[in-house]
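I've put the structures underneath this note.
What follows is subunit A paired twice: with subunit B in the first complex and subunit C in the second.
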Partner chain A sequence: MRTISYFLLVAAATLVAASASAQAPLYQKCLLCHGRPGFKKVMPDGKVLELFVNRAELENSIHAKLHCTDCHADVMEIPHLKRPGRVNCYRCHYKDNPNGALPANEFFQSVHGKLVARGDPKAPLCQNCHGGHSVQKVDSPLSTVNHQNVASTCGTCHKPQYDNYIQSIHGTALLDRHIRSAPTCTTCHGKHLILRPSNPESNIYPLNVINVCSKCHENKELIRKYNIPGGRISTYKESYHGVADEFGSVRVANCSSCHRAHLILPQSDPRSSINKANLAKTCSKCHPNADVNFTKGKIHVNYKSRSSGIIYYIGLFFEILTLSTLTVLFIHILLDLFRRYRAGEIGKKKEHD
Partner chain B sequence: MNDRVERLSLDLRLQHGVLLIAMIVLLLTGLVLKFHDNVVSAWLIRLEGGILFRGLIHRAFAIVLILLAVYHAAWVTFTDTGHSELMAMVPRHKDLSDFFQKLAFNLGLSNNLPAFDRYDYLQKLQYWGVAIGTAVMIVTGMVLWFVNESMAILPKWIIDLTLIVHGWDGVLIFIVLFLFHMYNVHLNPAVFPMSMTWIDGKIQVDRMKNEHRLEYDRLVSDRSDEDH
Partner chain C sequence: MEGGYDEARNKFIDGLEKSLVESLGIQGEPELIEMTKGLVRAETARDLDVFMGTRLKRIYRAVAKEKKARARIAEKKRWRQETFQRFNLYFRIQHIILFASVIILIITGLPIKFPNATASKILMSVMGGIAMQGVLHRIGAVLLIAFYVFHTGYTIFNKDGRRDFVALLPRPKDVTDVVKMIKYFFGLSREKPRFDRFSYIEKFDYWAVYWGGIVMVGSGLIMWLHNITLRYLPKYVYDIAREAHSDEALLATLTIVIWHFYNVHFNPSRFPGSLVWWHGKLTKEQMIDEHPLEYERIMKAREGRNG
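Our next item is the complex of A and B:
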C-alpha cells in the first residue's frame, strides 16, 4: 500500500510538472515574488533595487521559452538567498552554437569589454544594450539595438552625447523624420568593437574620422537623394588641414573639430558651430586670433570651381602662366639644340675641357 | 685661346651657393605639399620626417633665403661691385631685339649671333624671375607662416589666395631654376656636363667671346688702354 501510494504521488507530481511546462511557463514560480509590481529591495547604502519582472515583456522576448534559471544559472534554490550574479550569455551563445555566437573577440577588445574584463560592475554586458528580459532579435522593431532605438539605449549611460545627438541633423533625420539612412551612434562608433577616440584603430581616431564621414558624405546616391552638400570631403583633402591629416597629424582639424561630433547642425541653424555667427569662435579653438573678419570667404574652397571666384581665376592664371612658361622655355631649348646640331657642335665639343 | 678669366666674384659665388642649397631644400619640402597626391611626394614627406617636421625644415631654410635676400639687396645697393652687377642686369631695349635676333639665328634665318653684354637676355630673365619670385615667396610665405597672426587681420579668402600664389610661384621658380637653368649650365652641349663657373668663377675666353661679345670687347680695350 505504501509503495502504491508513493508511486501515485510521484506520478501525480510528474503530471503536474508536465502540464505546467506545457501550459504555464516555467518561470511561474519565480514570478510569485518577482511578478509583484513594486517588488524591490532597499540596499544597505540606501539604493533601491527594482526587482519586478514584467511577465508580458518576458513572454514577448525571443527568450520566451526559457526558464529563469537558464540565464540566472547561479540560482540553485527558490527562493534564493543570495543575490544572483550578472547573466553570462556565453553559456548558450558560445562559439559555433546553433543559436548564434557572440562577437566575443570584438566585444572584449572594445572599451566596454575591457572594463568588463577589469571587473567594473557598471561596465555594460550584452544584456545592457540588447535588453535582458525583453531581448529581441536585432532586426525586430522592438529591439533596443535596432537602428532606430540604439541611440536611446546608448543614451542611458552616455546622456550628454545622446542629448546632443537627438538635436543634431543626424538625430532629427533618423528619429523625427524617420530617414533610415541617417546615422546613429553605431554608424560612426561601430557596434561591438567600440574603441576610444585616442585609439589609432578606432573609427573616430582623428585620422580616421574622414573615412567615417565619407561613407555618407561621398556617397553620390545619398547626396542626391537627401540634397546633402557635395564636395565636402574632396575640398577638405585639398586644404592644408586635409593634407596634414593625410600625412598623420592628429592635431590638425578633422571634420568633427569644426562640425562637432554629436551636435552636428546645418550652417543655417543659429546653434550650429559653423553658423556664420559662431564660426569665429569655432576657428579660434585652434587659431586664437581668428575673428569675424577671418570668416569672410568659404571654408570648403574648391580651387577648381568657378564658384570660388577670384581664387579660381588667380589659380587659372598661374596654371596658364606656368604652362606657357614651360612651353616657351622648352621651345627655346629645342631651337638652341637644333642650331647647335646644324652647326655640328653636338658630339665634338669635348675638347674644351 | 683656352685661358680662363674671372667672371663671378667670390662674393657672388657664395651667394649663389647659399641660394642653391636654400632653393633645393625649399622646393623639395614645398612642392611635396602642393603635389601631395602621389607616391613620390608621400615618400619624400616621410623622408623629411613627416608632415610637421617637413614644415620645420621649410621654415628654417626660408630664414636662410630671407637672410640671403636681405644681404643681396644691401650688396647691390651699397657696394660698388654689387651696384655695377645690378646695373648690368637691368633689362634694356636691346634685350628684346637680341631675343628676335637670336630666334632668327637659331632658326637659320640669319647668320649673325647677337653680341651680348655681361648678361644676355636669358640670364636677365632668370635673375629677375628668381628675384621677383623670391620676393613674392617671402611675402606670401610670411602670411602662411604666421597664419594665426594673419587671421587677425586678413579674411580667409586672402589667405586662400596667398596659398595659391605661394604654391604656383614655387612651381614657376622650379621651372626657371631646375629645368631652364639646368639646361643652360649643365645639359647645354657647350658646357656639358657642367659649367665650372659657379665654382671657380672663371669662364673660357672663347666662350666669353662667343656669348658675351660686348663685355669681351670692353675687357680687351680696357687691357689695351692699360698697356698704353
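Our next item is the complex of A and C:
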C-alpha cells in the first residue's frame, strides 16, 4: 500500500515538474504580494514579520523549478487567510526518492531534531540551516551549509560559540586564510546527528573528544602541510589524563579542557588558555592550588624523546638498569637450574624402592 | 593396630611351636615337626583366641599407645633442638604487610602502565573503574609506607633488627661468594660458597626493596600530593617522579616475579614454596645447607654456654 502511494506521489511530482518547465514560473501569483520589497506584517505583540520573497534568490536556488505550494502545501487559496505552517521537507525528501536528495533521518535523533519533535517552535528544521528560498546544493559556494559558510549559519543561534570560533586558530584559518582543511562547527559536532556533549554517543562526549581532534592532529599530511605541532595525541595518551580517559573517566581533562572548545588559540597568543601567563589559571580549573610551578616544564611530555631532557635520561637509566639486572638474574636462575640438572636433582625420575 | 596384633599373635604361636620342637628334641624330624605344628594350631590357637584374646589385645593397645606418645615427645624435642628460629614474629609480620601491599600495588598499578592491554581493561573493570583503582592503589601505598615506618623502627629499636641490618651490609665476602657460586655452577668447583646469616642473594633482595621503596614511595607521594608538591616543585619534577615510578614499578615487579619467586617457590628444592615466612624456622639440614657459617657460630655459642 505504501509503495503504491509513494509511486503515485512520485508520478504527481514528476508531472508538476514537467508542467512547471513548460509554463511561466509558477510563483508569479504569489509574488504579486510577496514580491514587493518591504512586504511585512506587524504581529499583535509588536513583532514585525518580514514576508518579502526575493525572486532572484528563488530562481537561483536548487528548487527554482518548484511551485511555491509544492513546499507551502497548506496554502489552498490566494490570498491565503491563515498563516502557513513550517515547511516540511519530507514531503519530497523521503526515503527512496529517485529525484530529490536523500533525507537525513538521523536528524530526528539529534538535539535539534528532538526539540522539533517536542514541538519547540524555535527549534531548527532543515530550512533553518540549509536555507529556505535560497536553498543550494551543499557543495555550492552559495550554500549556507557549505564548509565556509556553515559557521555563520550556526552562529545565528549559537552566537557566543560563533564569536569564539571566529577568533580561534581554526576560525581564522578557515575564514581569513581560506584553508579548506581547517575545521568548522560540523567537523567536530557532526552534521545532522548533533548530540549534547553529555550524550555518550556524541562526538564531543568527554571520552570521544580525543578521537575528534586526532582526525586532524594525528594526520601526518596535515601536520606537515600546515606545520601543526605533532605528537600531541600520543603524548596525551601517555599522560595520566590520557590513561584515565582511556579507562573511561569523564572527569579527567581531555583536549578541550585545557585548549578550550571554541576559542582554541596557539600558545604564543596572549589570549590563549595555554599561554604561559594563563596556564596556571587553566590548570586550576581542576587543580585548585595550581600556580606558576605548573607551567615549569612541558605539558605534552614525550618520555621517549631526547627533547624531554632529564625525563628522557631518567627513563634511559631505568631501561638500562632493568635490562641489565634482569639479564644477570635470569642467567643466575638458568645456571642454578643447569647445575641442579647436572647434579640429578631435576629432570630425572626419582627411584622408588 | 589390629594388623599389628595379628602379627604378634602369630609370632607367639610360632614361638610356642619352636619351643615345643626344641624341648621334644625333634629338630631333625620334619614329620614330627609338622605334627606338633598341626596340634598347636588345632588346640592352642583356638584357646588363645577364646580365653586370652581380649586381654592380649588390651595389653598390645596400651603399649602401642605409649610407644606413639613417646615418639611424639621425642620428635618435638628433636624439632626444638634441631630447628632454628630464623625470623622473629616482628620480622614475619613485616614481610606479610610488605607482600600484601606489593600485591595490591602491582595489580592496581599495572593497568595504568599498560592502558591499551586487554588484560588491563578487564582488570580495571573488575576493580570498578579508575576512580576505585585510585582508592585501592592508595590503600596499598598506605600499607607499604606503614611497612617502611615499622621496619625503620624495628631496625633501630629491636635487637634482632639491629643485628640483621648489620648482617645485611655488603661485605667483600659477598663478591668472593659470587665468584665461588659461578665456579660451582660451571662445575669448576664441587663446593657451594658457605653463606653466613644472609647470602648475597638475600642481601640483593633486601637492598633492592630498600632502593625500590625509596623510589616508589617518594615518587608516589609527589604524585599523590601533587596539589601540595607542585606548590614547591616545578612540573618537570612531577614528570620525573612519574617516569621513575612507572619504570621502577616494572623493575620491581619483574624482579619479584622472576627472581624472588624462583628463589622461594619454583626452585626445585623449595617447590611449591617454603613456609619460613609463616613460622620463621629452618631445620638443622636447611641451616647446614644454606647458612653453614651461621649454623657453626650458633653451635659454638651453645657449646660455650653448656660447657
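Please note the rule applied: the second predicted complex is superposed on the first by the 317 of 353 C-alpha atoms of A that agree within 3 Å, B and C clash if a C-alpha of one lies under 4 Å from a C-alpha of the other, contacts with A are read in each partner's own complex, and residues count from 1 in each chain.
Basically, a residue touches a chain if its C-beta (ideal position, glycine included) is under 8 Å from a C-beta of that chain, and two chains touch if they have at least 3 such contacts.
Computed from a prediction, not measured in an experiment: that's the story for all the values here.
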Query raised in the report: So if we stack both complexes on subunit A, do subunit B and subunit C clash, or do they fit?
Result: clash
Query raised in the report: Does subunit B (first) or subunit C (second) touch A:246, or do both, or does neither?
Result: both
Query - First (subunit B), second (subunit C), both or neither touched by A:291 - result: both
Requested in this report: Check the residue A:85 against both partner chains and state whether it touches subunit B (first), subunit C (second), both, or neither.
Outcome: neither
Query raised in the report: A:200 contacts which: subunit B (first), subunit C (second), both, neither?
Result: neither
Query raised in the report: Looking at subunit A, which of its residues have contacts with both subunit B and subunit C?
Result: 240, 243-244, 246-249, 287-291, 293-299, 301, 303, 309-311, 314-315, 318-319, 321-322, 325-326, 329, 333, 335-340, 342, 345-346
Query raised in the report: Of all residues in subunit A, which touch subunit B in the complex?
Result: 240, 243-244, 246-249, 283, 287-291, 293-299, 301, 303, 309-311, 314-315, 318-319, 321-322, 325-326, 329, 332-333, 335-340, 342, 345-347, 349, 352
**Report entry** Residues of subunit A touching subunit C in the complex
**Finding:** 237, 240, 242-244, 246-249, 287-291, 293-299, 301, 303, 308-311, 314-315, 318-319, 321-322, 325-326, 329-330, 333, 335-340, 342, 345-346
**Report entry** Residues of subunit C defined as touching subunit A within the complex
**Finding:** 111-112, 115-116, 121, 124, 129-131, 133, 182, 184-187, 223, 226-228, 230-240, 242-244, 247-248, 250-251, 254-255, 258-259, 262, 267-269
Query raised in the report: Tell me, which parts of subunit B touch subunit A in their complex?
Result: 2, 33, 36, 42, 45, 50-52, 103, 105-108, 122, 147-149, 151-161, 163-165, 168-169, 171-172, 175-176, 179-180, 183, 188-190, 192, 204, 206-207
